[in-house]
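The structure appears below as structure tokens.
Going in written order, the chains are labelled A, B, C, D and E, and every chain counts its residues from 1.
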Amino acid sequence: MTTMIGFDDVRLGFGGVEVLDGVGFGVGEGEFVSVLGPSGCGKSTLLNIAAGFLRPDSGEATVAGEPVTGPDHRRGVVFQQYAIFPWLTVEKNIGFGLTLRANRRSREERRAQVARYVELMGLQGFEKSLPKTLSGGMRQRVALARAYATEPQVLLMDEPFAALDAQTREYLQELLVETTQTERRTTMLITHSVEEAIFLSHRVVVLGNRPTRVREVVDVPVPFPRTPESRLQPEFLAVRRHLEDLMRSESTTSARS
Amino acid sequence: ACGALDEGSGDTKGTVKAKKGSTVVKVGYLHTIAVDDKLWLGQVAGYWAKQGLDLKLTKFDTGIAEAQALNAGSIDVAIMGGVTSNFPAQGQGKVFMLNSIENATAQIWVQPGSEITNVKQLKGKKVVTTTGTTADILLLRALTKAGVSRSDVTVVNAAMPDAVQAFNSGSVDAIVLWVPFDLRVKEADPGASMIASAGDYPDAAVGDGWVANNAWYAKHQATVKKIVAGWLQSNAAFRKDPSGSLQKVWKVAYSQDAKLSDLQHQVKYQTDYTNAEWLQRYENGQVLDVVGTAEKAFVALGGLPSFVEPKTFFDTSLFVDVAKQAS
Amino acid sequence: MVLAVVAWWLVSLVMTGAKQVPSPAATLHAAVVGFTEHDLLLDLRLSVLRVLIGVAIGCAVAVPVGFVLAWYRPLRLMFEPLVSFFRALPPIALIPLVIVYLGIGEQARLSVLSYAAFFAAVVVIYESVAAVDDIYVRAGRAMGASGLELFARIVVPYTVPQVFVAVRVALGIAWATLVAAELTVAQRGLGTYIQDAANFSRKPDLFAGIVLIGLSAVVMDRVLVAVMRVSVRWQDRVAR
Amino acid sequence: MVLAVVAWWLVSLVMTGAKQVPSPAATLHAAVVGFTEHDLLLDLRLSVLRVLIGVAIGCAVAVPVGFVLAWYRPLRLMFEPLVSFFRALPPIALIPLVIVYLGIGEQARLSVLSYAAFFAAVVVIYESVAAVDDIYVRAGRAMGASGLELFARIVVPYTVPQVFVAVRVALGIAWATLVAAELTVAQRGLGTYIQDAANFSRKPDLFAGIVLIGLSAVVMDRVLVAVMRVSVRWQDRVAR
Amino acid sequence: MTTMIGFDDVRLGFGGVEVLDGVGFGVGEGEFVSVLGPSGCGKSTLLNIAAGFLRPDSGEATVAGEPVTGPDHRRGVVFQQYAIFPWLTVEKNIGFGLTLRANRRSREERRAQVARYVELMGLQGFEKSLPKTLSGGMRQRVALARAYATEPQVLLMDEPFAALDAQTREYLQELLVETTQTERRTTMLITHSVEEAIFLSHRVVVLGNRPTRVREVVDVPVPFPRTPESRLQPEFLAVRRHLEDLMRSESTTSARS
């Protein structure tokens, strides 16, 4: 399995505060890896490095074997702050990437693609709405749809389901598991939900408190395709217990120290 | 220019249109009667047209802008006031004819009830005028004669309408103006009084002149002669019937701007000669003296680095030629 | 607006003598005489056109220049001082140079107006680009937007409200520069009309000219605001 | 900047005869003579002070007025047309009126400059308030901020970057209005110096005056930018 | 028990789209009520009505028996978009409410209060940081601290824990349960987590799809003080199952229709 996303001893500090203290792990082609870690430990920073928006102080991030030097449209990014364009309607936001030279599609293809994601995200009836008239969860779904629509080979997602109710979230998780399987997208997902991390991933990377290193990389021995029943398998529950223990031991110090 | 921005042909109702194939001359002028009187009479009576000339007129607010445009070639000929003795001396254009002599148009006025009664008392006072003009020359001459140094007087510069406003509002002690602004002063307060006029100082007279762009002048001697010829006709007509001519000029060029009585008041302060008298003054060099005297004032005012003989920038020969032929 | 006219009328009643203010009626009368007898409409039309063209040219140049300056650091370091230098030069001081180098034709006036409009607009645009939220630029780049696309598809739409502000500012400045621009020996135009009125101390005409300038500017501004309302619907406007 | 001087110098070599441009050296010489013999420093100082005071007064009024207009809808509807009306009036056209009603003292000049600065700044401020994100206003109100507190603690800090833009614009406009302002029969000042140089057609002096205005403006602008950098550290500035 | 927050047949539409279709329920004094509902159903809209930022088309919202006519500092609000002030440092953001006339404290009191919440939220070392240098979860904690710091009698919170990792979230939940008990604050919490809703609340209000009505108000018969062990009590699990069923039946239609 070739490594699609690789971090090699990545270090980064902001004005004296050390954040990433030698982070190293890899995501294979078609693999789905989730990253867990306490709030403020450096997860978004790591994702920004893979996306090409930040340069590590030392160490290296690679995508498809090449060092990351800047953003690239073959890497789809869902930002923690959504970043949907306030001046565009829902459908124009979703279709945005497909109008760019790097990824241009014909008008019909674009229309079809947009319609497909409007439907998948349950945004029907809001195609012509401006972002300021959407609820928080709807904005997040627009951001997701926009990243999916360009069908990038590598997906980098920063807490994409945080503002969604449990049922919408589960529905989208299942959707994601499905597409990851059928289209073999390489995905790195940042999340705060242990359950979500396990359900979606081949492997889960657990980061420690700032300054951050990888504490453990946990394999999820639950076979694909996964269904809602997978959540109840003993392997699933075992990994869950392990991760929860791991997180707990770290986090109390984070929130109180 | 683009059609929408067309300012109109400049033809005014009541002027005689030029014949087809006439020589076009771009003429700049100041809209003051001592400068544009013969020009407009020529337009009304068709003297220019008769000479085969088509004058394209551009009105200027100041002689300074006129000199700039003349220099840049935007106009071929400019009719100027006092600066006739200044800018051509700096090499900016050739004078080829005088239009009239402003001998008393400039005047010094003081506030109503002012204790100032003569020029000497201007010492230490605040005087407003437009620097570099006829009025400024009068101030220089008057102060010199009264033995007052210019540095002992606070001279402030303003465009003449603004200067009058400043004077009328009582912000300055005195104003050195040119007619017809004396009327504006009197209108605002009849108590204001004149303590001196250029008429009191022979060396304060200035010649208003016709000045040509250097390059254009070198190439268009024949056209210049036609201008002189047209002007001679206009001047002759003016001298024959001064008030009738003035009325014609007022009607075509001034009716919107000023009352006829204003113009009648104004022309009293300028000196005009018959064609024969002018010829005489060209031949004996008096016109050069008038220009030279004013030029010296500009040197003293710092407008000119050094004195240049008027004959180097004032070519009197063309006028003399044409005037002799005509007579 | 009505209140302002009433205030003006009251002032004109109180002020008499040398400081007399022409009443609204006298001004209106002067304007009517101007329109019927002296083709004041031509002056108005010429000046309106000059301002429109000047602002159009000025802003058409200011928008790309402002964006490019904000975007490329080296260019900015080079040109920013030049911009503040030339922006500060008083149009009246430049008139002599304009006459000498550009003549006394229409292009001289349009140059002065474009010049004024350009420098008024460029700073506003420049600063608005600097205030674009980085997150949108990142999102665009992540989708593979090229420099030009970032610019045209993200920076420009985001700053549209500020571009309108820039145009409004430029419009005001252009009108305020009109008299200076027409000092380039314009033969007709509101500025010339005002200058003439001042030269011959015709106060009602002076007032009529000034009021016409103000009113033309208000009308243009209203139109611009209406267009802006429609174009920036996406923005949450706090003004209540 | 250096490039600009070189360009100027080249132009002055090429342009000769009637359209001659004074060379940088000639201009510098004129300035030196001015400083040593004619107390040009006094002119400079007077003009700098006038501009500073004018901008200070203009902006000091424009900031609250701009905020209040943006904040209260009825006031805005009443005053917005008036603002665009008066903003458009050319300073030169107003000079005759200023002289009549304000005289020819320092207050006349400061009034013209403040007037210009005020109207330049007020639109920028006004629009920046309209662009304040509603969410911050809501947060403030939820914590019980009164109208005044909302204004002083949220709207003002949020719009500080735009206020700086407004001041920068006002500064440029004030300098550009300097010559007009000094047409109110000022005795000394750079505008007067320029006007004098133009009256006597002394081109090097004219250039020296113009360059001094430009340079003074650049210096002031730089200072303002430096202050701004410090004050708006919180803003993500996209310019790279 | 007096009703502190009351909704009486509240209706609201945005430009033709009906959102709230007659919502009615009440929150008693010292009571903690959570609101669950599918994304985009109108939860934030409801909260904005209680906070006084939106006026219903018909019906009425009351706080402490009085009709809501505008915002009031006795109601603390945590917005879904955080809304912390980007120009203020962390400590100034937290202390903001205490510098306002309506709630002014002396400098020492303020400093103490700020220090307390910096510590409770685990933001030590970031007192002087500007929001743009904070992680998503840290911003959310600042927003929480800012709302708590003024100690309002009524707290209205819109998904305040969405961007937090599970452990920080649990820690803050326990903190909230504690303060609610000891200080008897009336709280209305919007959340997407059924577990969170049950753990914190006396009652849970479940909203239906847009146009929204109250589908059910569920009592949580788990006694206070609650501890982590409460989550495993049979009553807890029963309510949880009931709510999850309720939500599921609603949400699929939401996300796909």
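Observations on the model:
We take it that contacts are C-beta pairs under 8 Å (C-beta built on N, C-alpha and C of every residue); 3 or more make two chains touch, one makes a residue touch a chain.
It should be emphasised that the depicted structure is a prediction, and the values quoted were computed from it without experimental measurement.
Taking the definition of touch as given, a chain qualifies here only if it contacts chain C and chain D alike; those chains are B. Computed centre separation for the pair chain A/chain D is 50 angstrom, with centres defined by C-alpha atoms. If each chain is reduced to the centroid of its CA atoms, chain A and chain E end up 27 Å from each other. Note on chain placement: the centre of chain B and the centre of chain C lie 36 Å apart, centres being C-alpha means. Inter-chain centre distance (chain D to chain E, centres taken as mean C-alpha positions): 49 Å.
Counting only residues that touch two or more partner chains, chain C has 18-19, 96, 100-101, 135, 183, 198, 235-236. Multi-chain contact residues of chain B, defined as those touching 2 or more other chains: 64, 68, 71-73, 161-162, 168-169. In chain A, the residues that touch at least two other chains are 81.
Working note: touching chain pairs come out as A-C, A-E, B-C, B-D, C-D, D-E.
Every residue of chain B that touches chain C in the complex is listed here, in rising order: 1-2, 4-5, 7-8, 10, 28, 31, 58-61, 64-65, 68-69, 71-75, 160-162, 164, 168-169, 184, 188-189, 256-258. The touching residues of chain E, counted against chain D in their complex, run 51-53, 70-77, 79, 81, 83-88, 96-97, 99-103, 130-132, 146, 150.
Looking at the complex, you find that chain B touches chain D at residues 64, 67-68, 71-73, 86-87, 90, 92, 128, 130-133, 154, 156-159, 161-163, 165-166, 168-169, 171-172, 214, 298, 301-303.
By the touch rule above, chain A contacts chain E in their complex via residues 14, 17, 36-44, 80-81, 119, 121-122, 124-125, 133-138, 141, 158-159, 162-169, 171-172, 192-194, 244, 247-248, 250-252, 254-257. Only residues 18-19, 95-96, 99-100, 103-105, 183-187, 192, 195-196, 198-202 of chain D touch chain B when the two sit together in their complex.
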